[in-house]
Amino acid sequence: MEYFKNILSLPPIYYTFAILSVLTLFGALGTVMSRNPVHSVIYMIVTFFSLSAHYILLNAQFLAAVNIIVYAGAIMVLFLFVIMFLNMKQESEEMKKDKIIITAVITAVILGGILIIFLRRAEREPVNPLTYNSQSGMIEVLGKSLYGEYLLPFELISILLLVAMAGAVMLGKREAGERHF
Amino acid sequence: MSSVKMVEAPEGLEGAGFFATSLDKVIGMARSYSLWPLPFATSCCGIEFMATMGSHYDISRFGSERPSFSPRQADLLMVMGTIAKKMGPVVKQVYLQMAEPRWVIAVGACASSGGIFDTYSVLQGIDRIIPVDVYVPGCPPRPEQILDGLMQIQELAKNESLRRRNTPEYSALLESYNIQ
Amino acid sequence: MLSNQQIAEDILAHFGENVKNFEEPYELLTFTTNRQNIINLLVYLHKHETFRFRFLTDICGIHLPDNAGEEFGVIYHLHSLENNKRVRIKVFLSADDIHIPTATTLYATANWLERETYDFYGIIFDGHPNLKRILNIEEMDYFPMRKEYPLEDATRNDKIDALFGR
Amino acid sequence: MAEELIIPKNTTDALALNRPIVEDTEYTTLNLGPTHPATHGIFQNVLKMDGEKIVSGEQTVGYIHRAFEKIAERRPFYQITTLTDRMNYCSSPINNMGWHMTVEKLLGVTVPKRAQYIRVIMMELARIADHLICNSILGVDTGAYSGFLYLFQEREKIYEIYEEMCGARLTTNMGRIGGMERDLSPTALKKIKQAVYHDLPKALAEFEKLFNRNRIFIDRVVNVGPIMAERALEYGFTGPNLRAAGVDYDVRVMEPYSSYEDFDFDIPVGHNGDTYDRFMVRNQEMWESIKIIKQAIENLPEGPYYANEDHYYLPPKQAVYSNMEALIYHFKIVMGEIDAPVGEVYHAVEGGNGELGFYLVSDGGRAPYRLHFRRPCFIYYQAYPEMCKGVAISDAIAIMSSLNVIAGELDA
Amino acid sequence: MNGFMQWANETMFLWKALIILVIFAITLGIAAYSTWAERKVAGYIQDRSGPNRAGWGGLLQPLADAGKMFFKEDFIPAQADKWLFILGPCLSMLTALMSSAVVPFGDSFLIDGKTVTVQAIEINIGILYVFGVVSLGVYGVMIGGWASNNKFSLLGAIRAASQNISYELAMGMSIIAILMLSGSLSLRTIVEQQHGFLNWNVFYQPLGCLIFIVCAFAECNRTPFDLPECETELVGGYHTEYSSMKLGFYLFAEYINMFASSAVTACLFFGGYNYPFMDNVQAALNSGLGQTVGHNVGTAIGILVMFSKILFGIFFFMWVRWTVPRFRYDQLMNLGWKGLIPLAVVNMIITAVSMLSGYKLAIGMWVGLIVFVVILSVVWAMRPRKKAAILGA
Amino acid sequence: MQLTNRAKKTDKSELSLFERSYLPSLATGLGITIRHFFMKKPTIQYPEQKRYLGPVFRGHHILKRDEEGRERCTACGLCAVACPAEAISMVAQERKKGEEHLYREEKYAAVYEINMLRCIFCGLCEEACPKQAVYLRHDQFVPVFTEREDVIYGKDKLVEDPNNRYRRDAWTKEDAMKLWKNNA
């Protein structure tokens, strides 16, 4: 009873957080569990949305917007695109089920273990409301730190992306002189 | 533009600030001015249908200029031209794919009765496979006659009860064509 | 300018017995050959240096039920564009053995024309890559253009046939 | 002729109508037609697709097979015009006149000059009407709808001329054996002049401005579905489609009929037979047709509009009512009892789509013993799979509409 | 309850709610009448009269269409994925309606001494919001097209997806130049910076504006980019299998998208609610009607100006649609990736250089553009040529 | 292949850079369409506005009466023979005494039926009629049908109404030509 009273007396933001978390987990589970790959993608989009909402809760508007534009708006569209293309062809033959299950269990155990260990070791500094900068997630601050403090890594990443793009183009250009549809 | 005949307000109970009409009539009227045709044009009459869509006759005046080549979206199946027996099943298929309410016009002699093509390969009228609401004579009919046919369908749509498509008579009609 | 005479003489010289019935109805050189020689003849006319009959205008069939032994005919119209000259070649077949070699090896056009002829008359073109009905439904079990089959759809019931002339 | 007709058991509808529609569920096949909006007429193309690319295609035709040739064997010569009108319905006067010229060739009738000139005018108007549809539909199929309606207004004017001449718009039935049904009326002449001197050139110039140098359009059609001259000839291409490939074969020039030798006109030819060439050749041909009509109007000879042949051409109505001899001829002609010689004749005219040939075998009866139509559409449509191999589906549609396949002509 | 009232009073909640409702209603209304306008415009462009029987001048046409669609049989094909089939049009409609939320339709009203801005939500990442919503718009089409289980629909969906992703890039890059000029992501700030007439971004960013408009056409699936639904190729494209109101949603969403993109274009490049000599007008109003009323009337004029810009934008969409042919799929991709994106980069460079050069911006931009065109022509003139100068050789 | 000396190559010159930018053709196109936007519309508001269909339009069939109101048809059957659609059927009957005011000839059609859905309006019946009895009206269409039973028109619908006679300028083409000459 006491516990529930505690819950009821929590500030509303916690409810929002709880609902979003449930939604996120629901999306994540749906992604993994649904049989139809298109449904998986849609669940994943739900996950991304609720993650973006989390960002907004953390007052990181820019990150939220970019998450939606880049992940939900572009990458997932590409995923869906590819899956639709795959579905055109005949259904690939069913893989051996038990092997998949065994692999999945092993991976899950290892991943879960690592997560638990790290979470237990992690030390969190409590937020100091006096020194906390509410603008830290906003775009101006973000831009300044990206182009000031982290300029070198930022540029390095852009070069890396450029290289990756060029590589993708090269890989994609299989046959010379062929028209691309 | 004053010579153009406008929609007349549906009959209803009129009073001070009070205007009631049956839903049937309003929806019937809405349907009649938004008949999206599926031009099933196979031959000569199809060219006359193009003329009907053209600037001189302009079927869009009746709200029917959006041809829906997808049967799902069409309200009106306009069969224009000879339907050979090879084509018959396709016509029927298209009719089956249409969503209710659906109307059918047989434009021209060939679609209505086979016309001069009383031959082994031509279906003697599409009403042997699907129910037809309006027949337009002519070979090919003039655009005016096609418009007459369209206006006749508008009349039918206006006066049709919303429940007609669920009545046993209607299912009996479809049954007679082997359509469930 | 090439004359019909020249062409006829050349063909006669080359094929001798196998071509016959030379005619000139309405100035179009017409002659008959048999099915053993039709392809050779077409090839010969196609390869000929001066004639150059390289354009196949038409292939069609004909049914002559009263012509015992030669009930069916296949008629080729060839055109030499450079000389602006046409010839018509006929081959007659018996109803019992209604086979003729295909011309698709020589002309791409012949494909559908032969299929149409098959569809209408049931003339079988040996070696045709895809000899099946083209205009009629495949379930049809007769060849409608033969004279013994009626034109009309048997289900029409809205006319009076008693009127004279019909 | 066989004495008794065998009634086949399954001419009943049941056989045809209960055919199952076989739908291929494998993804990579796409059924273009028979009711696809771009197939204008009705024919089916089963395309094997790799994404948007067409790997191979196969056509099924015959969806409006109407048995013209069979009907023709049961109809007197003069009634066959109603069939030819419905063959290539975009340019029915050409078919119509072509058939009459064939019969005249068989009967040995010479048509007076005036009738020949009127025929030329009508046939060239029909050619314009045909090409107008084809080119504007190419516009529609590439997404530009307005040009179609601009040109259709001009077609409407051509219809008006027909209507003035014979009382119908599309299936005109305006020729008769031995001449024309009617003379060119002053109103018709006025309308033709208005059309060829003012309206048509204006509309055509505007249409060309809209399309000819439009990069979006050019990208859509240049190098799309090219066919080289040699291959085109093998496939039996004729007409604008062959000329687009660079061969200047035109029946009007090679074997002039109906006084075409009197007129001065050019044969537009294309470069490599792609869709753009076909489009441009048709455009150019319309200009040439306008040129021919102008010459025909200016030099229109006076005189009768039909050959003075009592045996083939119906006598005037007044004479029928008062003159016994005329009445007998009238009856004989209407009953179809004209004295046709035994023989065979092939006559070709330059139809809207190419060489339209009539092969007529007559046994002296009231109807042709055998009548075969050489339908240009039917012959060149065979090449379609080859032309659309390896192109995108949008190209396949542009190719199809630039070929101008008329279902009525295709399926006979 | 009291607390809520106080909060509502402070934030002008009711006024805001009213404005949101009005904007929502106007969006829907304009979208509905866009369908009528489309038919009328198409008719007039094609020398026809367009619908004129359903009501005066066919004004009841949208109602007739809606009435018909509501009562049409709602058909879900047997092989379709039922939920996704329903989800598709709903998503389309949802995303379409969301995008106009951040558009500033006018300046502000003074009510009870408080300022109410004519905008549903004012957030400082307005452009990113629009962009995010637009990038989601494609889901409706994709899901609907896939769920229909029809080859034509699937092809349409695939085309829509690749087209939208590709053109989003060019669109984003063309906006970056605007952001460089304005230094803000907020649409309101951007509009306010274009005060008057000669300050409109279109004079600073002609190339950017062109790219943006082209991309807007592509994002709305309008001719010449209407490949996802092109009638003559794919029958109906992604909505081939849809009937009744679900189809209505798709068609409606297209018009709402048109409205939204016209609104955003007007804000970004054509000064939003700003109009020439607005200061003079405002001063005259203020002196004539007093500060409050004058300001409100001025705002109302601004809103009218904004809407006339939007309506012209919609008209332009239609005008182009009935003029040009459409692209082919690969050409569309080429234009996006090899044409617009490089151009957008060039535009960014020109903007950056002219900003750094310190000259008056507009002059710098135009000089830069002219230099670019000259370079391009020189390169073009010097390209290796083949003998036959015919098309496609 | 060169067959004649009349060949003329069509224009297929390359696009210039300016033309390749899409803009010029877009601009001209927009110009053309906007000009049409403001042009006078040729649309015929059909049910209210009707168009003159020409002097020889082939519309609704009519069985003419002569000046004295007698039916002209003599049931010779030529129209039925001439009909390519075989849409006309008739039953002939001998005229009895006392019916001279009804029928002009000794024989008349007791039944005269035209299947309006078969008819292709080719005009061959009008041309075939030796008695100038059957005409295709130039001013009236056959209306549309909703029932299959209505399509066969009997004499009640075909014979001219004596109170509302059908008129046209020229009954035969020879008359028409005379008319043109007089008007000229």
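Going in written order, the chains are labelled A, B, C, D, E and F, and every chain counts its residues from 1.
Note that in this section a contact is a pair of C-beta atoms (placed from the backbone, for glycine too) under 8 Å apart; a residue touches a chain by one contact, two chains touch by 3 or more.
These are the chains along with the protein names UniProt gives them: A = NADH-quinone oxidoreductase subunit J; B = NADH-quinone oxidoreductase subunit B; C = NADH-quinone oxidoreductase subunit C; D = NADH-quinone oxidoreductase subunit D; E = NADH-quinone oxidoreductase subunit H; F = NADH-quinone oxidoreductase subunit I.
These numbers come from a predicted model, not from an experiment.
Counting only chains that touch, the fewest steps needed to get from subunit C to subunit D is 1.
Looking at subunit B and subunit D, the chains in contact with each of them are C, E, F. A centroid comparison over C-alpha atoms places A as the chain most distant from subunit D. Distance from the centre of subunit C peaks at A, each centre being the average of the chain's Cα atoms.
Two chain pairs, B-E and B-C, are compared here, and B-E has more C-beta pairs in contact (counted per touch definition above).
As a whole-number value, the distance joining the C-alpha centres of subunit A and subunit C reads 72 Å. In this assembly, the C-alpha centroid of subunit D lies 21 Å from the C-alpha centroid of subunit F. Computed centre separation for the pair subunit B/subunit F is 24 angstrom, with centres defined by C-alpha atoms. Residue numbers of subunit A whose C-beta contacts span two or more other chains: 85, 88, 179, 181. Counting only residues that touch two or more partner chains, subunit D has 8, 11, 13, 15-16, 19, 27, 36-37, 52, 62, 65, 67, 70-71, 82-83, 146, 149-150, 153, 171, 210, 214, 216-218, 222, 233, 247, 249, 254, 271, 276, 335-336, 392, 411. Shared interface positions of subunit B, i.e. residues touching 2 or more other chains, are given as 4-5, 54-56, 58, 61, 67, 69, 85-86, 113-114, 116, 118-122, 124, 139, 142.
Residues 75, 78-79, 81-83, 146, 150, 153, 160, 163-168, 171, 173, 181-183, 185-186, 206, 209-210, 212-218, 222, 229, 233, 246-250, 253-254, 265-271, 276-277, 280-281, 283-284, 314, 316-318, 320-321, 327, 330-331, 334-336 of subunit D are the ones touching subunit F in the complex. On the side of subunit B, the complex with subunit E involves touching residues 1, 4-7, 26-27, 29-34, 54-55, 58, 60-63, 65-70, 72-73, 75, 99-101, 162, 165.
Across the complex, subunit C is touched by residues 1-2, 4-8, 10-13, 15-16, 19, 61-62, 65, 67, 69-71, 73-74, 105-106, 231, 233-236, 247, 249, 254-255, 335-336, 343-346, 348, 355, 357, 359, 361, 370, 372, 374, 378-379, 381-383, 411-412 of subunit D. By the touch rule above, subunit D contacts subunit E in their complex via residues 27, 30, 36-38, 52, 139-146, 149-150, 153, 210-211, 214, 216-220, 222-223, 271-272, 274, 276, 392-395, 397. On subunit B, the positions that touch subunit F within their shared complex are 3-5, 55-58, 61, 109, 112-116, 118, 125, 127, 132-139, 141-145, 147-149, 151-152, 156.
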